[in-house]
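Two complexes, one shared chain (chain A), two partners (chain B, chain C).
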Partner chain A sequence: MSLNDLTGLTGEWLRGEGPRNDVVISTRVRLARNVRGYPFVPRLSAAQRAELSDLLRGGIHAISPGQDPFAYVDLSEATDLDRQVLVERHLISRQLAETDGSRGVAFSRSETVSLMINEEDHLRMQSIRSGFRLDEVWDEIDRIDDLLEQRFEYAFHPRFGYLTACPTNVGTGIRVSVMLHLPALKLTSEIERVLRAAKDMRLAVRGLFGEGTEATGDFFQISNQCTLGRSEREILDEFKTEIIPRIVDYESEARCALVRDRGVALDDKIWRSYGALCNARAISSEETLTHLSLLRLGSHLGRFDKLDLRATNEIFLMTQPAHLQKAMNARLSGEQRSVARAEFIRKRLGLN
Partner chain B sequence: MLCQRCKKEAATFHLTEIVKQETRERHLCDGCAQTEGLAIKQSPVDLSGMLAQFVLQPGIQELAQLSCPKCKMTFVEFRSSGLLGCAEDYDAFERALLPLIERAHEGNTRHTGKTPQRLGAGRNFQNDLVRLRRDLARALRVEDYETAARLRDQINVLQSR
Partner chain C sequence: MSLNDLTGLTGEWLRGEGPRNDVVISTRVRLARNVRGYPFVPRLSAAQRAELSDLLRGGIHAISPGQDPFAYVDLSEATDLDRQVLVERHLISRQLAETDGSRGVAFSRSETVSLMINEEDHLRMQSIRSGFRLDEVWDEIDRIDDLLEQRFEYAFHPRFGYLTACPTNVGTGIRVSVMLHLPALKLTSEIERVLRAAKDMRLAVRGLFGEGTEATGDFFQISNQCTLGRSEREILDEFKTEIIPRIVDYESEARCALVRDRGVALDDKIWRSYGALCNARAISSEETLTHLSLLRLGSHLGRFDKLDLRATNEIFLMTQPAHLQKAMNARLSGEQRSVARAEFIRKRLGLN
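Take a look at the complex of A and B:
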């Protein structure tokens, strides 16, 4: 599979399907693992690093499922643009895209599973799906972890559990991240209170692209920080029964209040956003996202019907800088991208 | 919006106070809100911050001299990068790492989750015991005796195996 095949469609996590898809964009679980007998990534020699890449790649190939086989991208050979495409699709982290040395990623064609080699740890494995589907993503990555564990001996400590390069990930090495769309809490200025409560529960709140990105706009990623002394099940259950249902309820209540008290103002905002996307001749990715967020809200509230969710999500992904350049088959400056983005959107909306 | 108090940082704390029927809006940054006792210091786990605080503690100099016999990393090097050099560091630096690990993981220092199958079921069983005993202590603390009794029975079953 070449990366050019990828850019035509959105991965599973952007389908807008799954339980509570009105508020929950995607659910992700990742595990951090290191292979025993090798230093951690920052201490690997170039030769060890290459050797470990090959070893892990071989093991991953061997467990690759027949019905949805893994594709592999050697990131030390990929172009900057291709690496950026993978970041925009949430298949690799920014960190893995930007570092040097032997490293790679294996991912399923459905893009629900991605296994990063030589990121901060030897292996960072994630399963991601659209909607609120913790059990599914956990079962999937847990199974892959079991299969790989039969091929590699992981660094494991009787007291500290799975050992990781950074002690903040030690133990289970698990990071549960749920991406939420909270436009109504934002519009009613209640978002601060909710985010503060999340931080009081020692949860990390990040932006659309995870680590190192600001929680701006209407999209928020909530993740656990504690990985030691609680089992995977306990961490997952807290997300499943407490954290996420509570935030989803707050957002739903805020949406009801908006419709009830400020229906006209809300419709005005939604339809102006649609107007902007239909008519803009140059538009940034941030502004695009702001408008798409309102269209998404409008669709879920039944107040906007010009564009279905799938199309909204597709525009979101395809107007990211690297996807846009890939589609245009050219390197574009920021200004050129804004023009190309506006054109792409108008075409997708059936206008010219 | 800038913080009304220090006028430097971005205001992230918004408060509407009603004093003698008069509404007053206040917009402060995290730091100033904490200084005024309006917010509790609650930042996400910030390893470099924790490390910096950690070195200020007396008696730490000796720990800073620790080094790993396997990968040769010193604790000082770890402190500057925040990343360990190899699995053996966890033992070599254990004394120095423990307070950090404790702080990063809500006071926990013992793994109770999944274990590699090659270590056998025995290990899982130990984990279950640790978890059950912890849950029991928690149940007793909140005087949930029904749960406590159930947990005690489970512990007895495991121990009699």
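Take a look at the complex of A and C:
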């Protein structure tokens, strides 16, 4: 497939649907797997790496579902820009985009499933859905894992479980990640307390693009760090019944308090953000995100009605650096991107 | 007259007309005069003060021009809010608004002439016009001065000239003040150089409300400080042919340079200001002025067309604290004013 087909869609993780989508942006489960008989990725020779790529690609192709087939992108042949587009759509990690050597990604056209080949492990499989849908994403990726396990013998140790390149993933190899939108906790400065509690529970808190990105702005990705000594079900259940509902409740309460105690200041912030997006002639992606975050909050609180959530999400995705350059069909400097981004936004808002 | 009649008009000094109105907001000449036989204001008894008020009021009434008659406001009877309205319209000084005792102001309905009674001197007479119109304002106030001099004997010394309460005004008693809009010199940080040069020339640089107000924002009032040892004509000529044209040229050059070198950043600033005015739910008068200054610049540079100068000026005047409260017909706290101001602006911009 051509990546140009992608850039017009919103992608699954930003669809803005699913339970508790007022706070939960997306739910993701990923599994780390390695094929027995091959060294871990850092120790693969170039030839082994290519061989393994082909092997995994073939297996994935064979299990590609008819109703939502996998597309495959050979990342060693893709341009920088195309790889960056995939990162911005959360279909591959930054790490996979930036390393060298034979590697690739298969993903469903709906963008709910993505299977990375030769990332940190031979196979990194994720299912992602907008909203809080742990069971759905787990069921989907578990099914794909089962299908692939019929084709490959995974590196597995009877006592430790699945073996992985990094010891932190040994065991179940599972990582549950929930992307949360917590603007009210941020505005009321209660976020620090929540993040401290998360760290005490040995949860990782990251930014919008996962590992290696800081939790800036109002978006926080909460993930488990331990994968050993507990079953997938135990980890999932804790997220489903305790961790996430609790944070979602905190955020909801903070939103109520904001509306009650600081309604005018809140509206002022929200509408000024809209004003900035409507009128800026140059704007960074960080600033855009800050404003969109407030519009999203305003929409969910019924205090802002100029832009629906879908449009908000589309602007967010399409104004990221690689998507913007794809849309403009040009390589742009940071300054040029700021101008193009402002133009894109005004156009999307029906201005200009 | 009722001050309620005033609050709907723009007033002369903000009319936005006259030569070089792209840079020169208004031109003003004021004369300080005292009536022989009475002590200066600080030493007047209450009874003398009242007597002098009546005397001057009567004389002023007698010379009131038929086509643009004077209104008179007895400031000792006016409310705080009404006095503040007059300050915001530049019809009286802050000092006259805030002191006690018998005092008043006569002003023409066009608001070009205002005659303050018992301010620092017995009589402070000003003529003000929008744009750069030194000859007009001088001719007007000189004529009124002549008419009053036929009715009152001014305190005058053959060697020193007109005698005034403060020695700085002795001599001609003239102060020439030109209000300049210098956003480009401010943006390019060249303003400091200009202000230093002005001070070297013994000019006073003040803010939007004259004496005792700081030159904040983009508006600067340039006035002479010496009134002794030079004729009115010499002082006026220096303003007319040297001081003001030179600063106006500097500002014009700075605007050209801004457009040439930083056009996008300039447009970004201008349009974001418009966005803030259109969308804020609470806004201070200082912030309002900052934005209006940029819109004014944008209009004159042909880079902004959403609001004409008249509307810009009207918003500026009407959103000042006293005008706002008059318009809302209510006493408002600072916080309430911010909300009311934002509402007024959105309404005036055709939004809401």
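FYI, the second predicted complex is superposed on the first by the 352 of 352 C-alpha atoms of A that agree within 3 Å, B and C clash if a C-alpha of one lies under 4 Å from a C-alpha of the other, contacts with A are read in each partner's own complex, and residues count from 1 in each chain.
As a working rule, a contact is a pair of C-beta atoms (placed from the backbone, for glycine too) under 8 Å apart; a residue touches a chain by one contact, two chains touch by 3 or more.
As the structure is a prediction and not an experimental result, all values here were calculated from the model.
Colleague: One more residue to check, A:155. First (chain B), second (chain C), both or neither?
Modeller: So A:155 only meets chain B here.
Colleague: Tell me which partner touches more residues of chain A in the superposed arrangement, chain B or chain C.
Modeller: After superposing on chain A, more of chain A is contacted by B.
Colleague: Of the two partner chains, chain B (first) and chain C (second), which one does A:217 touch, if any: first, second, both, or neither?
Modeller: neither
Colleague: Could you tell me if A:39 is touching chain B, chain C, both of them or neither one (first, second, both, neither)?
Modeller: A:39 contacts chain B only, not chain C.
Colleague: Can A:207 be said to touch chain B (first), chain C (second), both, or neither?
Modeller: neither
Colleague: Counting only touches as set out at the top, which of chain B and chain C does A:267 meet: first, second, both, neither?
Modeller: second
Colleague: Using the touch definition from the top, say if A:165 reaches chain B (first), chain C (second), both or neither.
Modeller: So A:165 only meets chain B here.
Colleague: Thinking of the overlay built on chain A, is A:276 touched by chain B (first), by chain C (second), by both, or by neither?
Modeller: So A:276 only meets chain C here.
Colleague: What part of chain A is shared between its chain B contacts and its chain C contacts?
Modeller: In chain A, no position sits in both the chain B and chain C interfaces.
Colleague: Touching chain A in the complex: which residues of chain C?
Modeller: Within the complex, chain C touches chain A at residues 264-265, 267-268, 271-272, 274-276, 278-282, 339, 342.
Colleague: Going by the contact rule at the top, pick out the chain A residues touching chain B in the complex.
Modeller: 34, 36, 38-40, 42-43, 120, 142, 145-146, 149-150, 153-163, 165-168, 170-172, 174, 189, 192, 196, 199-200, 202, 204-205, 225-233
Colleague: Write out the stretch or stretches of chain B touching chain A in their complex.
Modeller: 12-14, 39-40, 42-45, 47, 70-71, 73, 81-87, 90-91, 97, 100-101, 104-119, 123, 127, 131
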